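Please go over the structures that come below.
The following pair of complexes shares a single chain, chain A, combined with chain B in the former and chain C in the latter.
And then the complex of A and B:
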C-alpha cells in the first residue's frame, strides 16, 4: 500500500504585524502553520526578518572581531545604523545601553534625539530597545515614542512593571510594542491579556527573552514552540503574535564568543538558526557575517 | 468528601510562633474554627520538628484534643515526632505522610502498622516527583505493595498523587490533568484504597484573591473523579459547601465543562463564567495565566 503523509491544517493564525512606515514598512508573522511546516495546509506569507543591532554608545567590552565590521562608525549611531542597513539588514535595532542607570544613566532626551536621527537616516524600520530597567525605561521609552512620532518603531521592552506608562504613549504615537516577559508562558500570556485591554493585538510582538546556546537557550526554544502551538493549534488569541528573538547581544556575551572570531560567529549563527526552527519571526543579530551565513543557509528568505 | 483542615501549618507565622512559645490559645482557636467550619480531621503540620520533637508533638496533640473531638492528621517528616503524635491521639489518627522514598518506607510505614492507623502514601520516589501519569502509577503500585507486605491493608491507605501549582512555567496544567486522571483510574489500580490531595497547592504562588476559585473548581473536578478526601482550607465557606454538594448549579456547570461541552456565556452570571473559565484552565483547554478570569 502506498504511504500518504498526513497533512494537517490548523485553526489559528499568527497576527500579521507591520513595523515601519510607508515604503520602509515590513510585515511580520501572518502564518497559519507551525514553524517550517510547509508540507501542511496553510502558508507563511512573511519570511522571518533579520535586524542588525547598534548601540547608542561606543561599546567597551566587545571583542575586536565584534567591532571590526563597524569600526569606522562605532562612535556614531547614525552612521552605524546606515552601516547596518548597507549590510543588508531588513531592520535596524538601536539598543539604548547608555540610558541604563548602571551604565551611564544618560538622559531620556538624549536617547530620544539619537533614536530620531537614526530612524530618519535609514530606509528600513527601526527597532528600539531600552535598557530593560523598568523605571528608567518608563522615562526613556515615552520620550523616544514622541520624538519618533508616526514612524511605527518596534519599541520595547514593555514589561509587566511599566506597560501602563510605556504602552499607552507608544500607541498614541503610532508605534508597535515589544512585550517582554522572563521565559514563562503563563506570564507572557498575562502581559498580553493586560495589554489587550487597551491595545490592538496586531500592535504587539512577543519577546520571550532569548538566551544564547549553552546559556539557557533551550528554555527559550521550548517556550517559542509552545507559543506557536498555543496560537496556531489551540487558537489562543493571547499568543497569536509574532516573536522577536533578540539574540545577538546574548551570544556575544558568552565566553566562547570572546575567545575567538570563529567561535563567536558559529555561536551566533547556530543560535539564530535554532530560533528560526522554533518559529521566531524577527531576529536581532550583531555581526553581518552571521546575517550572510543565515541568508545563505536559508536561501535568502528564511526557508 | 472527607475534609482535613489545613490551617494549623507551621509555614503560617502565627502558628510557628505559637508552637515555639507553646501558646495553646492560637492553636486551639484554629482547631475550633475549623471544626465549626466542617472539618472531618484536623491536620497538625509541624514541619521537620527539629527541637524537642516528642515533647512538642505531645503538647500540640493534647491541646487540640482538649477542644475538639475530631480525629487528627499528624503531619511531619520527622519519624520521632510522628511516633509521639500517633501515640498521643485518642482517635485513630492519619499518618501524613509516607511515600515511596526508601527512608519513608523504612521509618514511616512501619509506624502505620505499629499504631494501626490510617496512612497517607504519596507518589514521591527516591528520585523526586514522578514526571508523568505512568511514573506516578508505577511509583504508587510499588510502595502500596510494600505497605501490604508490612501488613497494612488497602483500606487503611490514602493515596496522594501530589498536586503541584498550576502556575509553574507552563508545566502546572499538565500536572493538573494528570491528577484528575490518576484519581479516576485509582480504583482499578488499587481496589479499596482511599485517596487524598493537598488541594491548596494547586493555587500556590498566584494572587491571594484568586486562590479560592481555583481550589474550589479543582475540588469539584477531583471529587467527580472519585476523590475520597482533601487536605484543604475549610475556612473557605464555598469550598466546604461545594464539597458537601450544596452548590449544585455550579457543580453541574463544572461537570459540563469536563464533558467537553461548549458553554454559552450569554446565559451565565459573572460568577458562573469564572467557574467555567477556571475549569477550562484546569482541563488544559486554555493556557493558564494569572489573568485567566479576565480573558
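And then the complex of A and C:
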C-alpha cells in the first residue's frame, strides 16, 4: 500500500472582521484552513491577535506576580492601557469590573468616560467587556458605545437577554460586537441568527465563553474546535465568525495561579495555546510574558 | 472503520450450520466479532484467504502498545478518532522525563523521584507522570549501562532507552529486558540487524525516520516479520513540523485506514524547546495533537501539574457531562456557624463555586445535589435541581446536624425554587437567593456569613 500525505482542503471561509479605526485598525479571521494547518490547502491571511486586559478599578485579589508588570499603573486605566500597548499587545481589553452590581455597581457614565479616555490614549484597537450582568450591561454598553462613537470598539458581551438593547446602539455608533453564549453550539448559532436579522455578520465576533484549564477547559476547547470546523469544513454561515478566547481572567482567578508564578504562567500559557489550536482568532491574556511566549511559539518559524 | 458485521458475515462459511463457535448462525457470530465480543479462532472452517482478510479487517486502526510491566505499565495507542469531540480518546499521553547519562548521580536520583513522588489529587483521581527516558550522551558506554542499572534499582517505572549506538542499546536492553523497555531508535540503518534480536526477545520499539513517508517502508518491513509493538517518530525538527507530522499520522491511521502508520507516536518537547515554561507549554500542544508519549527534559510540581490536568481534560469523555459526587463538601474549614450553599453536581459548577468560595476567604459547606452532571439552570429545566432534589440531599446527609442555623443559599439563577425548597424542607429552612454567577460569591459571601453567624449566636 502506498502512502499519500492526507492533505485536506476546506470549502468554508471565516469572515474577516476589522476592529479599530484608521491606522489603529486590525483584522481578525479570514482563514479557510484549520488553525496552524499550514500543510493543508488554504490560507490564513491574519495571524491570531493577542490582547492584554486591564480593569477599570484596582484589582484586589490578584497575586503579586500578576500585578508586577502593571504595578505602577494599576490604579490608572489610561496609563495601564498604554502599558499594555508598550508590552506589544495587538489590542487592549478594558474590563468594566466595577460596573458589576455585586462589585461596586459603578454608574454607566463613569464606565463610558473611562472607555473613551483609554481608547483615545492607545494606538491599538480597544476591546471592552462589561460585567456580563445582562441588565447592567444593557445600561452600560450603550453609554460606552456612544462615548466612543466611530472608534469601532470590539464591544460586549452581547447576550441573548440584552442583544436587542445593546447590539443596535453599538452598531449605530460603528462598533463590532462580541456575541457571547454559554458553551453551547446551538445557543451560539441561535444568537447569531437573531443578530443576523439586523446586523451585518462581519461585525460579529463569537465568544463561546472561555474556561481555564481544569475548570471546564475541555468544554471550551471542543466547542471552539467544533465551531471552527463547522465554519471551514461544513460552511455553516452562523459559525463563520472569528472567535475570541477571553481567558486571562479565568486563568488568573484559579487557586493554581495564586500558588506560584511559574504555575500561573503555564496555566495561562497552556490554556491560551490550546484555544489557539482549537481555533481562537483573538486571545485576551493577562500577563505580558504569556503574550510573548505564545507569539514566539506560534508566530515565527515554529522553532 | 473496521469491518461491519454484515461485511464479516460475507466472509464466513455460512452454509454449515455447525454452531461450533457457540452461536446459532454465522451471522450472529459475525455481529459479535464486529463488536469485539468474540474471536476469530472460534470458527474452524475459515479459508486461509478469508482468515487473512478478517484478521486485517478486524484489527484496530491503531495498535495498542504497552511499555513496562505490572501496575505501572503504560498503554498507548488504540485510538479511534482524530478529534476529541467525535469520541473519547482512549489512552492518555504518557509523560516521560529525560535523564542523560551525563547527569550527576544526585540529579538522576532526583529526576526518578519526581516521576515516582510528584502525585496530585484532582477530583478524586491521582495524577502523575509515567516513565523515564534514559539517554546515552556521554560517549562512555559503561556510564550508560551503569545509569540503566541504577534506575532499575531505584524504581519500577516503565523505561525508554535512547541510544544511537545499536549494540549498546541492546546491551542495555539485556539488563532490563524483563521490564519491557521501549527501545529508541530503530532506523533504516539498523533495522535489518535489529529484527532478529526483537524477534528473539520482543519489546516495544520506536521507529524513527526523516519524515512521515519514510516511516512507511520501515513499519511495513517490521510487520512482515510480525513485529507490531511499534511507536513512530517522524523526526520533526520544529513545532509546526511536529503538528503537521502528528496530524498526518493520525489522519492516515484513522481516516485513510492506512495500517502502516497505525501506531502511536512519540514527541520530544525537550528537543523542540529549551526547557522551562516554554517547554511545558509546547508540550501541552502535543497532548492535544495526538502524541502517545511526550519526553520532557525536566519538570517540577508547577510545570508538571498543568500538563497532567490538561491531559485529564483532553482525555475525558466529551459526551458525558463530568459529574462530581453528590454530597456535602467542605470549602476551607467550615464550622457550625458557616454558611451552607447548594448547587448541582456538574463538575464545572462545583469547581467554579468552590473556587469562588475559597476566593471569598470564608469557609463554607457546599451541598451538591444529584443532578446527573448538569449545571443548575439546565438541571432545573430538566427537573433535576429543585426543592425535592435538595430536600433529598438534606435527608441523606448530616448537614442539618452540622450547623446551628437554618439558612441555605440557592443559586441566583434558580431563585424561583426558593418557595418549593422551603416547602420541601418542611419550612424549617430559609432558602436565601445567592448571586447569579459564581463570580459574585467573593463580594457577597463575607457579608452573608457574618449575618448567619450573628443570627445563630443570638438564637
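Definition applied: the second predicted complex is superposed on the first by the 296 of 303 C-alpha atoms of A that agree within 3 Å, B and C clash if a C-alpha of one lies under 4 Å from a C-alpha of the other, contacts with A are read in each partner's own complex, and residues count from 1 in each chain.
By definition in this document, contacts are C-beta pairs under 8 Å (C-beta built on N, C-alpha and C of every residue); 3 or more make two chains touch, one makes a residue touch a chain.
On a predicted model such as this, the values are computed, not experimentally measured, just so you know.
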Have a look at chain B and chain C on chain A after the superposition and call it: clash or fit.
-> fit
First, second, both or neither for A:186, with chain B first and chain C second | first
Based on the superposed arrangement, let me know which partner A:293 touches: chain B (first), chain C (second), both, or neither?
-> second
Applying the touch criterion given at the start, work out whether A:121 contacts chain B, chain C, both or neither, answering first, second, both or neither.
-> neither
Does chain B (first) or chain C (second) touch A:226, or do both, or does neither?
-> both
When the two structures are overlaid on chain A, which partner does A:194 contact: first (chain B), second (chain C), both, or neither?
-> first
So after the superposition, what angle do chain B and chain C open up at chain A's Cα centre, nearest 10 degrees?
-> 60
For A:234, decide between first (touching chain B), second (touching chain C), both and neither.
-> first
Where does A:215 make contact in the superposed view: on chain B (first), on chain C (second), on both, or on neither?
-> second
Is the number of chain A residues in contact higher for chain B or for chain C?
-> C
Lowest C-alpha to C-alpha distance for chain C against chain B (Å) = 7
Those residues of chain A which chain B touches in one complex and chain C touches in the other | 226
Spell out the residues on chain A that touch chain B in their complex, using ranges where they run on.
-> 183-190, 193-194, 197, 223, 226, 230, 234, 236, 238-239
Chain A touches which residues of chain C in the complex?
-> 83-85, 122, 212-213, 216, 238-241, 243-244, 247-248, 251-252, 255-256, 258-261, 273, 277-278, 280-282, 284-285, 288-289, 300, 302-303, 305-307, 309-310, 313-314, 316, 318, 347-348, 351-352, 355, 358-359, 435-437, 439-440, 442-444
For chain A, which residues count as touching chain C in their complex?
-> 1, 3-6, 8, 36-39, 61, 100, 102-103, 132-133, 211, 213-219, 221-222, 225-226, 229, 253-256, 259-260, 262-263, 265-267, 269-270, 273-274, 277, 289, 293-294, 296-297, 301-303
State the interface residues of chain B toward chain A in the complex, per the touch definition above.
-> 167, 169-170, 172, 286-291, 294-295
